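Starting off with a structure, shown below.
In order of appearance the chains are A, B and C, and numbering begins at 1 in each one.
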Amino acid sequence: MNAFSAGSGGPLSLPAISRRALLRGSLAGAGLLALSACRSAADPSPGADAVSGGAASPRRGGVLTVGVGVDFTPALLFAQSANSLLQRLVFNTLTRYDAQLQPQPELAKSWEVAADGLSVTLKLREDVTFHSGRRFTADDVVFAVKNLQNPVRSAQLRSTALTVADFRKNGDFELTLVLAHPVSNLFDLFEFMIIPDSQSVEDAVAGTRLVGTGPFTFTDRKPGSSLSFARNEKYWNPGRPYLDGVEIKVIPQAETLLSSVRTGQTQLTYAVRGKDVATLKDDERFRITQYDTGAGAFYIGANLSFPEVQDKRVRQAIAWAIDRDRLVQQALGGYATVSSVPWPKSSPAYREQDATRYHHDPEKAKALLREAGVTSLSLPLAHSSDAGSTAVAQILQYDLKQVGIEVQLQPVDSPTMQKQLISQSMPALWTLSHSFSQAHPATLAVSAYPFNEAKNTSKFSSPAYTAAVQKAWNRSDADSPEAKALYQQVTDLLLDEQFIIDLAIAGLVEVAGAQVRGVTLNKYSYLNLDDAYLAG
Amino acid sequence: MRTFLFKRLPSGLAVLLAASFTVFLMLRLIPGDPATTLAGPDASPATVAAIRERLGLDAPLLSQYLHWLGQVLTGDLGPSYAIGGQVSELIGDGLAATFQLTLAALLLVVLLAVPTALYAVSARRRALAGALRALTTGALAVPPFVTGVLLVLAFAVGLGLLPAGGHASLFDAPDLAVQYLALPALCLALPSAAILARYLQDGLERALGEDYVRTATALGVPRRRILWRHALPNALPSAVTVLGLQIGQLIAGAVVVERIFAWPGLGQLIEQGVSRRDYPVVQDLLLLVVAGYVAVQLLTDLLYSWLDPRVRWE
Amino acid sequence: MTTISLPPAARSRSGNRSRNRYVAGLRTWRGVTGLVLVGTVALAGLLAPWLTGADPDAQGPQALAAPSGAHPLGTDDIGRDLLSRVLHGILTDLSIILTAVPAGALTGAALALLAGTSRAADLVVQRLFDLVLSFPGLILGLAVTAILGPGRWPVVIIIALAEVPYFGRQLRAGVLVQREREYALAARVGGAGRARVLLRHVLPNAVDPLVVQGAVALSAGVFIEGALSFLGLGVRPPEPTLGSLISGSVAYLDTHPVLAAPLAVTTALVLGFTLLAEALNRGART
């Protein structure tokens, strides 16, 4: 009945189950659950119960229930958004990164980048069909790239897609992409770009029909409630997926999502808040995995069109004033890493001494403010009005007050926040989280708007930053010492200028029932369930 | 009756027209816009411009308003901006879910309130009546969003009897649907049931204090018979009015309750619509809510005059 | 929440006598309990600076700490003294509802009087009430805060706006009844103007039930504030309100029972107002 009670270590013994049945029976007698004799909606998902436990070998069957806090936005199918889990369920990408950020084959069997970095030749798998039955060929890759070049698709890696100037086909399964200039983040594009069926792409962005080549076929969507997927019986990866299906449930209220996880009705989620995860971490019924990647690098942004923050010493003072450790502990439940740089530990640009450059030092902050000739400072700070962001903002407000900076909080809902971000109409300070530092460092400055060298929310521009960013991007090698030296230039500029004051890197936190195995996320938070199964 | 409708219908339509204008303008006054929401957080101005054009948001406001009115009048509501799918389907699904929830809640309201009130009035011991009254007062003093969270903690996490939240269709899986319905319906029903119970109890007590009841009692008519045959029919019309007003409150309460229990009804839809600036969904939905309210008002007035012949058609 | 339009009380012609009845109503156990509850909570709020030395906004390293000498109720999730926040939260809530409810009552009354002047005005005002009522409470809240942004004034406006039709409808009903009474007819026959009859004779007698509605509205105000905070549309942080304290603590209720304090205070306050409303209503009827 209860998957977690199977085996000797479970918290519920058999008598408990019969007591539960008894209680349910009495409720049914009261007329509340007249029909509940046959099935219970309170039990964990089907497939979780059968089968004996202990075996390490993957087991076929079962439906995995995934809980999310935000519904999927069909129009953002080709962008990284608050809910990008389904991208890798229904679709495939050309390549995928391993833990060392080395591309591994997926729909592309092999590839060769020309010596001058101006073209890449892909050899494609020949045994792949779309869910519609149509065969996957080089034309579909051409379509996928052109699709990302279309501004309506809102793809963050559009700038990289736009460097593809020409396509040369050599048969149906070999394709050369000709680039306008070398780019160091080409494989970020291949990790990011899902390959959709060209014939149904408009249905896909309307959310009615999703056709890809991935391990699961899309069967149903109830907007605001759920997404259902069934096993793709003709998946090119032999014997996969193990699961019969996947059900993504939308549970917007954090407390309810947590309850749903605790009762086993949700078996996998990335949406439990850090401080709620802390309440589950000692419970052996759950496995908690921290990802280095994800959408959450928390930062304070400064809008340089306001004279109060034009002096970089003021911005540096803000960076010294924040108690990042307390922020991570209290607002994020400890599930984040304090950091002064946007890079997570797995990034080629990460260096320990950069990440710890700024730490909590109110005296230093005050000294910098004095040096800048600031006696009293009062600044507005915009933040999202959800509970988590409000807690972060209040901590920032308090810490800044301790060094003499009065902050007025401006809670706004997320569409307003987004509009202010894109239209450069933020107040002097704002706090948000950014993404796109998780893969190759060059991607950040060409894909994440706050860091864009040409146009950003801070209205920051400097020839040195532009030059460093462009040099790091316009080259074909991503890991060479020269490339790393260029990343270091970018990092040094960011640390010095502090138009974006990084606070903490919070990767996604996976909370899974102990029986859920083999789940992975790609660098852009697409859920990969090729190898996932439900253990007994 | 026909004259009654003739008198009320035009002003009802006027309310609808005023509402359509208010709703349309209100949405445009809200900061943020659908195009930037759809463009994602890292979009370039080119992306935003392309999306604005595709959605027709670059047209003058008046022509957007008239276009929308045209859509409403022809019944073709078009696609939603952000949520995905056709507006009419979204509203249809949401309406079905909220209808199930509200109906279940309404049923619970009546089932909880009427016996409570009758029992409180007929109870021999005053202490019991007082206790029941205190209970209904107490039910009003706890905010519904707290009741909701507590119900989840007790019945889902603690006892493991009912699901923590979610939804199943009454038509596809009635056995599961009833279980999903139980907690949100109870949470939604409690405050309204308390109000109705108090109101009904007041009405019954007042009716029992009338002269003819005293006369009947003096003549030896059993108290139970007086209660059912005389007091209840007298107290019922105003109770029905209260119930009618409570329907509006139930729908309003649904915003919070649906959120807590992840129930995909109109409350969730409207919150999603507002929080994503999905203009078509919010516009059509609010207009529908207003229309529903106008209709309910009309119906309760009709029902009231049917139950109480003393009220003539105006 | 706001629909407790209690049964119209029997009206007397002398305002003085009815005032005595209200006092009598307050002397019943309901009235006394209500007064004690509201009085205690309000007093605790007013005496906040003397009852606790802690700054409600001061944060510390200890989050969700258990009660101790320094923090009698422990701390919240970002290390602030919970007792101080509850006490100051009471003050915020009281100031909000005591601004919003009178504002709503006055607006509602003004509209009801306007309705009393002509048939056309009556029709327009009635439909106006319909319009506001048909945007039920929280949907109204979503719209207003979306336009104005969250803050104290939007909360006041939302509560006031939600109460306008209830006060207005009740006064209008009272005016309609009183207008047909002998004394009003007599005054009109005696040559008094329409407006004069309305203001001098009808209004003083029709205003009674509004007292009860006022108590009901105050409790509704506390709820609306709470629900707005729950949806992230409440008063601007870090200012504490009862609603924001409840929604901030609700996630930890099962692990930190002491966090139920804001809930208990809110319940006491609402219960007090509700009992007062009942007491006044019963007093008016006897």
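Quick note on the criterion: a contact is a pair of C-beta atoms (placed from the backbone, for glycine too) under 8 Å apart; a residue touches a chain by one contact, two chains touch by 3 or more.
Remember, it's a predicted structure, so these values are computed and weren't measured experimentally.
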Greatest separation from chain C - chain, by CA centre: A
Pair with more cross-chain C-beta pairs in contact, given A-B and B-C: A-B
Centroid distance [mean C-alpha coordinates] between chain C and chain A, Å: 44
Averaged-CA centre spacing for the pair chain B and chain A, given as whole angstrom: 37
Centroid spacing, where centroids are CA-atom means, of chain B and chain C in whole angstrom: 22
Multi-chain contact residues (two or more partners), chain A: 255, 412-413, 416
Touching two or more other chains - residues of chain B: 30-31, 149, 153, 157, 259
Sequence positions of chain C contacting 2 or more other chains: 146, 149, 247, 250
Complex contacts: residues of chain A adjacent to chain B: 2, 20, 23-24, 27, 32-36, 38-42, 71-76, 79-81, 150-152, 154, 156, 158, 206-208, 221-226, 249-253, 255-256, 259-260, 262-263, 265, 412-419, 421-423, 432, 434-436, 447-449, 455
Parts of chain A lying in touch with chain C, wherever the complex brings them together: 254-255, 258, 275-276, 279, 326, 329-331, 385-387, 390-391, 393-395, 397-398, 409-413, 416
Chain A-facing residues of chain B, complex: 30-33, 36-51, 54, 79, 81-85, 90, 93-94, 149, 152-153, 156-157, 159-168, 173-176, 178-180, 182, 259-262, 264, 268-269, 272, 275-277
Touch list for chain C against partner chain B, complex: 1-7, 123, 126-127, 130-131, 133-139, 142-143, 146-147, 149, 219, 223, 226-227, 230-231, 243, 246-247, 250, 253-254, 263, 266-268, 270-271, 274-275, 278, 285
Residues on chain C engaged by chain A in the complex (per definition of touch): 57-59, 61, 63, 77-79, 146, 149-150, 232-233, 236-238, 247-248, 250-251, 255
